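Chain naming follows the written order as A, B, C, D and E, and within any one chain the residues start at number 1.
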Amino acid sequence: MQIAKVRGTVVSTIQDPTLRGVKLLMLQLVDENGNLLPKYEVAADNSVGAGIDEWVLVSCGSAAREVPGNKQRPVDAAVVAIIDSIYVEDRLIYSKKDQYR
Amino acid sequence: MQIAKVRGTVVSTIQDPTLRGVKLLMLQLVDENGNLLPKYEVAADNSVGAGIDEWVLVSCGSAAREVPGNKQRPVDAAVVAIIDSIYVEDRLIYSKKDQYR
Amino acid sequence: MQIAKVRGTVVSTIQDPTLRGVKLLMLQLVDENGNLLPKYEVAADNSVGAGIDEWVLVSCGSAAREVPGNKQRPVDAAVVAIIDSIYVEDRLIYSKKDQYR
Amino acid sequence: MQIAKVRGTVVSTIQDPTLRGVKLLMLQLVDENGNLLPKYEVAADNSVGAGIDEWVLVSCGSAAREVPGNKQRPVDAAVVAIIDSIYVEDRLIYSKKDQYR
Amino acid sequence: MQIAKVRGTVVSTIQDPTLRGVKLLMLQLVDENGNLLPKYEVAADNSVGAGIDEWVLVSCGSAAREVPGNKQRPVDAAVVAIIDSIYVEDRLIYSKKDQYR
């Protein structure tokens, strides 16, 4: 899984019928030091209800279809968790409580 | 999913029999700021009927075969939605209504 | 799918038994302007019979196993079509008839 | 599989229900000479119990769901082995016994 | 598939139980001109028995699990063939007989 920050949403009217009602979030990927990368992923979030600026874990590939309800949806990325904290050795590199970085 | 702009089409006569009748679009990928990237994907569009210059969402990998009709087709990319608008925080970075960028 | 030019072949005697008789082509990937990239893929061609210098579509990942006969073969890339022409907006960027570029 | 060093953990309360109780490790990838790369993977470890600074093998994609218990979890990366030693030709480039590099 | 040269082995005692007895090779990837790339893959070889310095084809992703015995193993890369020769147009760029390059 990769770490990403929720940046926005993608809105669509004409879409594969199975995608109706699925929230599509614009995620910006975060590197191992907690910095934003110039990479994004549009991911389905029908499981955790992540909001703007939250840090999340995104699963890509067929894993995205293991989220309940996605089995037959043509999604290749899904939000699977909202991150509370990230520790690298003894260092806390992200804490949701302290800040939305 | 990645954001892409429909740039053209790929035409083929000799192909895997299951691909007959499937529209193959030449998509150019778009970055998180809405700029065209030097990357493309040839994707099947048998679901949404996207036209030249429209912005779409493309799903890659096994997800492409969840689009109705693709189950047994050897496609690794499919158009799954035509994008109406993309919001990053409060900023509208793309609106189909205003422009085909 | 990616666009690729058939450059050669890979020959093997000691191989997974299911690969026996499968033609393995050395493909060089082509960018969105029709230029050769410094990237290749060795792909199974048991469907379309592509020849040297032809431009083809290559499907990667599990899609390669949807080509008839590949269901249980450990192949992660397959040729799925021989390209006749590629149009980007009004411009013809490749035509098999005119040239093998 | 890629070689990675266990650097830390990712903690989450709001997550896909199937992820409850799954340890999520922050792994930093290692190159072919044993140097840390500026790339990471957050991987499930419910199989081998790797600890901080250990070197592991990480499997990505659908393979991650072959680890017992992951079948229906939306994980795209899993720790599948703790590495004892890596030999490149006659050279030992990593030995767990000697050091946690 | 990608072309790779067998460089060494990875040894592990604590591993996913299904991996017991599976030989894990350290492969270095080779480019389209036959030069070694700064990229590697640790791949299961339970099919062809490749030795140090041999050139092989490696299949990645779910294809790796089509090798007999791997169906339920969490491996994302497998050696599927030992390469005898590679031809690019009329040029022989690799021959096992002549050399282990």
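Quick notes on this one:
The definition used in the following text is that a residue touches a chain if its C-beta (ideal position, glycine included) is under 8 Å from a C-beta of that chain, and two chains touch if they have at least 3 such contacts.
Computed from a predicted structure; not experimentally measured.
Least step count on the touch graph, chain C to chain E: 1. At the chain B-chain C interface, residue numbers used by both copies make up under half of all numbers present, so the two copies contact each other through mostly different positions.
Averaged C-alpha coordinates give centres for chain A and chain E that are 33 Å from one another. Rounded to whole angstrom units, the spacing between the C-alpha centres of chain A and chain B is 21. Among all residues of chain A, those that touch two or more other chains are 61-62, 64-65. A ring topology is adopted by the chain contact network, closed into one cycle in which each chain touches exactly two others. Starting at chain B and proceeding toward chain C, the closed ring of contacting chains reads B, C, E, D, A. Interface of chain E with chain C (complex): residues 1-3, 31-32, 47-49, 57, 59-68, 78, 80-89, 91, 93.
Chain B meets chain C in the complex at residues 7-19, 24, 26, 28, 38-43, 52, 61-62, 64-65, 72-77.
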